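When the chains are written out, they are named A, B, C and D in that same order, and each has its own residue count from 1.
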């Protein structure tokens, strides 16, 4: 039983991690806490759904495509909205994403009705047995996807010129600007990448999860806590925080009681940040 | 751009709050539902039931239903009924405000709807304060009628009766199959409604000699229910009774399948009835028993059910769902009261409601009729059905004398 | 400086008078409901303002205090028959006390970590109340209908008494803030907001002042909780501790302009009617277009008027002044 | 007559000993210069003395009372004020309001606090900027403002952390004479400074830190000749003492 629980928690954590990493990347580079991240995941799920319905692209195989679409969408949103707010006061930066979230969720309801939908066919359906442990294949695929995305981000940030520049920004904006780094362009790229992560998360989730306008809200909230737990600005921290949350949720839900499981996550967050006010792996300004 | 914002601000602030004057010979009734927010899909479904009911009352249809063959309300010279919808957003304050708004601004003479018990609490409070009758046919918390409100009436049987029915059905199956069933698990979403269902199940389980082996509350917004399902599995229940909304119903069904939870009887409520539930889970929803106050194949005993469904299907392109059917009843009860009162004065309507005595034949619900308890205003003739999903259809299987097809027992292994 | 003070005071008085006169135009019950929501969220926004706008601790979990206040008075009234007015006082005190205890560890957190901590707090309290049988768990508590009047704090015939009660609460809060802004406390709050290290280097006991800000803000928010409980006569965890209450409070304050007295009032006066009217006009279509407009409005505001309505007013004022000066200068040249 | 006495102050960051067993004292009417190469631990000493960092050993007494590891605000309340290496003001508030925050420590009423704040602004020559938002001030003006904020708390010991770095020679001259005035008014000052030409002429005593260790202390004239100091930091540069 404990094995089953731990596996479930790990898989869930990886999926949360997928949502969290994009959030963390966006925060690290431009200091925006993206409360609309859940809504973007939702949009990606719909994108994946329509692709599978009309074009017949399997959600799992379509992941890079959806990520690419979301990347483009991210650039647009950045140019139209986020970039303009970035120079504004702290509170406007905090609230603009709340507005975006309300807007997109209701736009989805307006355009696509509040009905629940589900991708009917996907290559990753079914269950595999690993000794005594049941593993849901779509969750496993999503978790592997999560680790691949984590690897890609790691590679991108450390090995590419753009990635290094993005890291430089998240360490010290003004110094980076003085070194001749084009902040605007990189911000847009980073925001696009953050949304691409949301896109990948949405596509992988769409392969097994139902879709409706409000679906992203809880994922967004949990991801936010995961990112804060791991420490704002650290993508590895976000993944670790998310896995920790997945495990706390599953084990806590079982041993303490399901009605308390979200309370446990939040309690863990509060305890950890009180002990370590910048999260597990965080650094930089508040 | 700034000017546009400024203009928008001004429009919103200065826009006069004019209510449209009521046309002659139109009787307005209000209907409040969660038309946006997390339960919007159900709200939209309920809305169709009310719309259709009013269509039938106003138009001329060849149906064995009251007001079908005549146009409008006969005693008021064929006055037409107009429904004013209000959006509660699933929030009690907004539910109250919307109810008050449609009562005071749109001058509705009666209110129906609500869906979520928590919202109905405040919405019915608003009607009580403003002295307008509220006829509820789609929320089932027992607490609602325990308040002794004067203006509040409920057609649908409350959770206590429905819980009792669930366990009675298990007893009946037990007797018929000559098996011994003891272990019952109750799984409930932790808000007003689910908590009440659980409370009633506990009460009646004791009464009927079942053991509650798992009693699991959870939040309906959960993104993952692995721990809940494993807990359920560890308890190894023979019967699972699940009080769920839609998203959690879907999630639990999928997870129970994945983790091979294998009870003998699977009973669902509310969420399992939603059309999008079956669409989403597909074959995995097979053989669930679902409590309902409507079943399409009641048509074998009530031909009118099939006819209504035909009209519904023409209008909305799908079969009438049990949720839509629940909401369908209330406008008839209101129209019946208005007709007898020969008045649109809310107080007269209330008095007429107290004297309501509609026969079962005038309803598409399985009730023996509508007659309100003089104190609680609950429908004393209420009755619920149990349906079972067979080949993607909800089939009436209990009570046995209303059954259209035999039930399938035990719950087959997951495929 | 002095003249500024007088102008501000005059503005407050004018405000009170406008507030008192408003019901003359708001004759329908629905428009009165909108007024009630405006004053309620104005008070909530001001309470948030004390904590976030002045002392710099951005909270997105005010629903924790709000719900707690609602529950304190409701439990007292349902179980012990305590008058809701006394209940409101108790709610304020209990919530403030609770906030002080919670604030002690929380005051260590800064910026975003604090904000997310408050989200966590709101969610945790909700879960506690959902599972606490004594206070009705998920079913909540109904406050029995009583004869209307000030004694029972229930008004059925008209909503105006609720409005005036809310308005009184708002004016008291504004008076408090007016005094606070001009006192040591106000300056210390702002100093903490601007830079905690500098503030403590200048002798500001930041923990103590943060706790004061949290406690005062929570106390007022708790009293508002009682107000809504009496308004809807129903408390339930899903309802009173709803995350959207926390978000709306922050939106109202920031929309109007935080860190000054008038901002949240303006924000509430604009945002609440928009929210209520779009729902009334468009909500019954069930398409979500009402909330779409609302969301778009907030985004546009953040993009084009990030300082809130107060910032917009200031800028317009400045441009009028500049224009006048330009005209004056032109006239000088002409003559 | 007040006195700040530091004995055996030690601060570690992980394995690194940033301040190692440093002792010194400063009295009213005295300027103690604190110099040393980058990373010598000067700012860390300041942070430990004023409660911004918890020290790992030693004692700090002010007028016979231990202020070792007290909170920053308590230390300030007792009469020890400081400025920051990277200038720190309350950006969103006006210059006057910045200083009033300091003045409130001794004057609870707003009117009195404002009077005291205006005096402090006058003293550093910032009166005309009183209503300007701190964020809009120039760097030298911010540095003066920071001093005014400290002065408004009526300190007996004032600790200045590189308050002359980045200033032009004229500005340095102004700042130096202000520091001397404060000393002459009976204040004790500890001045961390990189600009040798500025500190040497005004300091009464100079203490030299290197890698967290105090390597020398004495009159400026002695210090510049001290071979340890010369090798550690000064090279062969020295400045002649001028009267201020």
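Here is the rule we go by: contacts are C-beta pairs under 8 Å (C-beta built on N, C-alpha and C of every residue); 3 or more make two chains touch, one makes a residue touch a chain.
Source: prediction; values computed, not measured.
Visitor: Counting C-beta pairs in contact, which comes out ahead: C-D or B-C?
Guide: Contact tally favours B-C.
Visitor: How many angstrom between the C-alpha centroids of chain C and chain B?
Guide: 36
Visitor: If you average the CA atoms of chain A and of chain D, how far apart do the two points sit, in angstrom?
Guide: Comparing mean C-alpha positions, chain D is 47 Å from chain A.
Visitor: Roughly how many whole angstrom separate the Cα centroids of chain B and chain D?
Guide: Here chain B and chain D have centroids separated by 74 Å.
Visitor: So, what's the distance in Å between the C-alpha centres of chain D and chain C?
Guide: Here chain C and chain D have centroids separated by 43 Å.
Visitor: I need the residues of chain C touching at least two other chains; which ones are they?
Guide: 127, 130-131, 286-288, 290-291, 297, 301
Visitor: Could you list which residues of chain A touch at least two other chains?
Guide: 106, 109, 114, 213, 259, 262
Visitor: For chain B, write out the residues touching at least two other chains, lowest number first.
Guide: In chain B, residues 36, 40, 43-44, 190, 217, 219 touch at least two other chains, as defined above.
Visitor: Write out all the pairs of touching chains, ordered by chain label.
Guide: All chain pairs meeting the touch criterion are A-B, A-C, B-C, C-D.
Visitor: Could you pull out which chain C residues touch chain A in their complex?
Guide: Per the stated touch rule, the residues are 52, 58, 105-106, 108-113, 115-117, 119-121, 123-124, 127-128, 130-131, 243, 247, 250-251, 254-255, 258, 286-292, 294-299, 301-303, 306-307.
Visitor: List the residues on chain C that touch chain D in their complex, please.
Guide: Against chain D, chain C makes touches at 182-184, 187-188, 190-191, 193-195, 197-206, 259.
Visitor: Residue numbers of chain B touching chain C in their complex, please.
Guide: 1-2, 5-6, 8-9, 12-13, 15, 17, 19, 33, 35-36, 40, 43-44, 47, 84-87, 89, 91-94, 96-98, 100-101, 103-105, 118, 121-122, 125, 128-130, 141, 143, 147, 190-192, 194-196, 217, 219
Visitor: Quick one: which bits of chain B touch chain A in the complex? Just the residue numbers, please.
Guide: The touching residues are 36-38, 40-41, 43-44, 190, 216-219, 221-228, 230-231, 234, 246-247, 250-251, 254, 258-260, 274, 276-277, 279-282.
Visitor: Sort out for me which residues of chain D touch chain C in the complex.
Guide: Interface residues on chain D, with respect to chain C: 50-52, 71-74, 76-77, 81-82, 84, 88-93, 97, 100-102, 104-105, 108, 110, 113, 149-150, 152-153.
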